[in-house]
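The letters A, B and C name the chains in turn, as written, and every chain counts its residues from 1.
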Amino acid sequence: MNPAARETAARATPSRFDAIIVGGGPAGLAAAITIAEAGLKVAVIERGDWPGSKNVMGGLIYSHPTSQIVPDFWKEAPLERHVVRRDMWMTTADSTLKASYETTDFALEPYNSFTVFRSRFDKWLAEQARARGAYIINETLVEDLLLESGKVIGVRTGRPGGDLEGNVVILAEGVNRFLTEKAGLGAKIRPATVALAVKEVLSLPKDRIEDRFNLEDGTGAALEIVGDVTGGLPGTGFIYTNRDTISIGVGVILKGLVDKVGESYELLERFKRQPQVKRLIDGAKPREYAAHLIPEGGYRDMPQLYGDGVLVAGDAAGMVNAVFTEGANLALLSGRAAGETVIRAGKTGNFSAHTLSWYGERLEKSLVIKDLKQFEDAAPFLSSHAHMFNLYPEVASAAMKELLTVDSLSKADKTRLIMRLFRSQVPTRRLVRDAYDAWRAIL
Amino acid sequence: MNRETRSSISSVVCVKQVPDTTQVRVDPDTGSLIRKGVPSIINPFDLHAVEAALVLRDKFGGQVTALSMGPPQAEEALRKLLGFGIDRAVLLSDRAFGGSDTLATTYALSCAIKKIATQQPVDLVICGKQSIDGDTGQVGPGLAHRLGFSQLTYICSLQEIDLEAGVIRAWRQREDGRELLEAKLPAALTITETCNQIRYAALPDLIAASDKPVEVWNVDDVGADRALLGIKGSPTRVKRIFAPPARQRGEILSTPGGDPADAAALLMDRLGERDIRLGGSRV
Amino acid sequence: MSDNVRSETDDSPKKAAAKKGRRGRGATKPGDIWVVVENEGGTAGRVSWELLGKAAGLAADLGSRPAVVILGEDDERLAREAFSYGARVAYIASHPSLTPFTADPHCRALSQLARKYKPEAILLGATTRGRDLASAVATDLKTGLTADCTSLEIDEETGLLKQTRPAFGGNIMATIISPDTRPQMATVRPGVFPLPEIIESAEGEIVSTKPRLGDDLPVRQLEFIPNPSDAVSLQGAKAVIAGGRGMKKAGNFALLEELAAELDGTVAASRGAVDAGWISHQRQVGQTGQTVRPVLYIAVGISGAIQHVAGMQESDIVIAINNDPDAPIFDVADFGIVGDLFETIPALIAEIRKRKTAGGAALDFTAGEPSVLKKAGKGAGKAPTEDAENTPDETPRDALGGGE
């Protein structure tokens, strides 16, 4: 029996809210929890059957930002495994060059990151919001914003009696930032700045996962994979270990795909066939497919974050760090900031863009904008340097192979051979240029 | 149950939270049910039952109460129904109810309905025609019998209620056609999916639903006899469950380039071997 | 919950059942197996005779007799028909309130008969009226009822009726027993069991009774509108010929109509053909259409996506015709023809006509035991331990016996 039901039974239903949040993902729910905890009236309007039902992620939930929203969340949240090891693989059609980091520290509370299923995790997060007094409205699509003299005063849904008024509308609507566009805050997303990711969940018994991935009971591994897996297109693949399933997926910039979804699934199939990957997932049975768009335009592609009576958070605000595959944590942090903004503005009774601009300042001072700014060149860099994704893995692989093969060549001859190979494939000028561009883009 | 002529109709709708059956499987290696991760939904036919009750309330006024027997999680389903604007939601939940077959289930539900009837009038008990997990269709008629209500099943259209005469008229869908039946109130109905279209809940109702309580009743709240509940009260027992034999790939009789007439003849021969009769004698 | 189910493995209930069992071999003699005849104005629903055939076999296993119950008005003629299908006893209850069928008087009449003559088991067709009647009577007699059985057998050890049925939309099968209550009741869908052979000269005992019924019925029929003769009914069809995207256009469905006519079957379609606007949604088979279980299902130009297969996988025999050898439909078809449907279908029609001319009389479409039994018999579907408990946290019984 939900104790919240008994508690809330006595209160009167509001017809007007302090905040209306469009979208029940991490950004929207973080905002809802923040606002509800302050005793204000907040409604989250989610188009899916329940928050998370429409969400898919090829990433991790990070402990630190999440515990700011719900302290000690790891004790009760539906989490799959806490990640102790991160791998970075560079692949060719038949080889892999790996970098791996593992630490016992990540196995200790409060942990660092977790693998999750968004349909379960977000649902749980929504319950936290509900328990704190937020109204969660599912299966409802917000079709439009209500405006009065250019100010956002509420939302319109398709339901009978479906207009809802509130002081601030927080647009946490996700990558297809349709309302953000309508509010005049940002442009429509473009294929060049959006990645399409497809993912499969494969089931494998818990013990076998731990065996295969060399993990201790309950710990997890997260693998980011580049190279042949994306068929030469800019993008990455990933493999995450869950309790008794494995999530495997690949994402590429949409612009590079001709037949978008079909080609993406083909990429995934190809990824799964790569010999070292294949061995890792051998015997695992496919359970689910999913696909999702990821905004990868970064800082340059972000919309205006605030307007009169409106704030934008999460994927809708383009807050994804593609280089580090971080999106959910930025969403949580921006949602919290949006919530704090609403509370602050509420004290003044003023919800104009000027008052709400505090949101922008807050984010600029936090890692959210700092990281996005730092990597603002990353996406265009990677797009225009597609060869990073095929040439370098090939060359590195060839070099390693030569180095490790014992044949009749002397080590000195081998070294010469490798240098020649390198220079023929990657002229020094280009190597220097790439190194310089990469340094500029990422550091 | 006695009733004087009244001016409104109040109903109790019985609903069930069920696993989304398209996703339930038996693990072929262990023979056990894989329920993990299978989402729960409201039995789709029950939504039509709720809609029928709401349609009657629109016309005649009265109260709509949703009643469900299930584990604590079933509260979610009832809360969703509150979003449609029903007046009251009651969850019958107790470990003692677990493992009930239809006989024990109708007993438990009838205890709850009798209790509700002490608090408000109950003119109709409305159920969906069957649940998508059990697929038996037995609860509606069973309830009718226990409560002494008239039984109207497979109702595809509500015709009218004559409050003066104390009867309800409705069309029942049979295999060979439809019949118009007149039943004395109080009555127990089971509703088909063609009876109505589920309404799009109004936003104010959805919001208000969060503030409405779901009443939770246990065995003692409804005064049920434990000997008639759960496994003890269920005359049927599941002896075993197993995965249905999967269809296997059969025989390819012909490939492109083959003569269609030969393929046809071979097919008919095969059907003959399977004891398919054509023309009174084997093919 | 699971503890209770696990008690199936305990000694006491099983020993007690075994003691109760071995009926007809020393302990109390088992009662008769009754079939309630679907009496529609003097004509019996075909399912009644199908069940009677099964009842005869069950009764033979138990050492008792197959009987029929005829509720209506003076139906000695039906009783004689029942004898020709294998019944040895016919209980006739006559009363004007029993016609037309409404559940309440039929329930009272059948309950009275059951209390007086104590059958071992009562079988009814799983039709709209059969289910209503069965549930009301089972509730009245406080006995076990299993719906939609696809298999019925007498357990050798215990003498109990083993009732097997699908659950969770057909995703699992369950075998159910009612060890402690009598009569053991079950409903069975039409077409599951074959029609028994007729023995013209068979005789039996008629027991005529007058049930204690009032004239004031809680439910009465005001009107009946039969289905229009052109209404599409996929459900009862013994042969279904379904067309998919491979049909290319609406006009080509005429070819399937021709084949259907030869097989006394019905034309259906996959979602692809319906979405293309070639045929009405009423004929759609699949997850978003209808589920059919005919004897013969012919999939023509259908790729066999899982959403379609879900709607026809319980057919006894599946034939697939498709020019794509990799089409998934071939994975579920008993017989496949990889080829051009526009050549294959006419060839098939011609072949059928040829054989009909050779064979003679009108079409009678029956098959042997339903495919589920056939396949179950071959040991498909690895069986778990004999007892019901499966997951420690929940039993399947809530769904299988409980609920609607």
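Here is the rule we go by: a contact is a pair of C-beta atoms (placed from the backbone, for glycine too) under 8 Å apart; a residue touches a chain by one contact, two chains touch by 3 or more.
As the structure is a prediction and not an experimental result, all values here were calculated from the model.
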Given chain A and chain C, the chains that contact each of them: B
Centroid comparison with chain B (C-alpha atoms), farthest chain: A
Identifier of the chain whose CA centre is least distant from the whole-structure CA centre: B
Pair exhibiting more inter-chain C-beta contacts, A-B or B-C: B-C
Mean-CA-position distance for chain C and chain A (Å): 52
Chain centre separation (chain A, chain B; CA means) in Å: 41
Chain centre separation (chain B, chain C; CA means) in Å: 20
Residues on chain C engaged by chain B in the complex (per definition of touch): 1, 4-5, 8, 40, 100, 102-104, 107, 127-129, 131-132, 134-136, 138-140, 142-148, 162, 166-181, 218-227, 235-236, 263, 287, 295-296, 309-310, 313, 317-319, 323, 325, 330-340, 343-344, 346-348, 350-352, 355-356, 359-368, 372, 375-376, 378, 380-388, 390-391, 394-404
For the chain B and chain A complex, residues of the former touching the latter: 72, 75, 79, 91, 93, 200-208, 210-214, 216
Touching residues (chain side chain B, partner chain C) in the complex: 14, 16, 18-19, 21-22, 24-26, 28-33, 35, 43, 45-46, 95, 98-106, 127-142, 144-146, 150-154, 169, 172-184, 190, 230-232, 234-256, 258, 260-261, 263-265, 267-268, 270-271, 274-281, 283
Partner chain B, residues of chain A touching it in the complex: 1-2, 5-6, 8-9, 11-15, 43, 130, 135-137, 140, 157-164
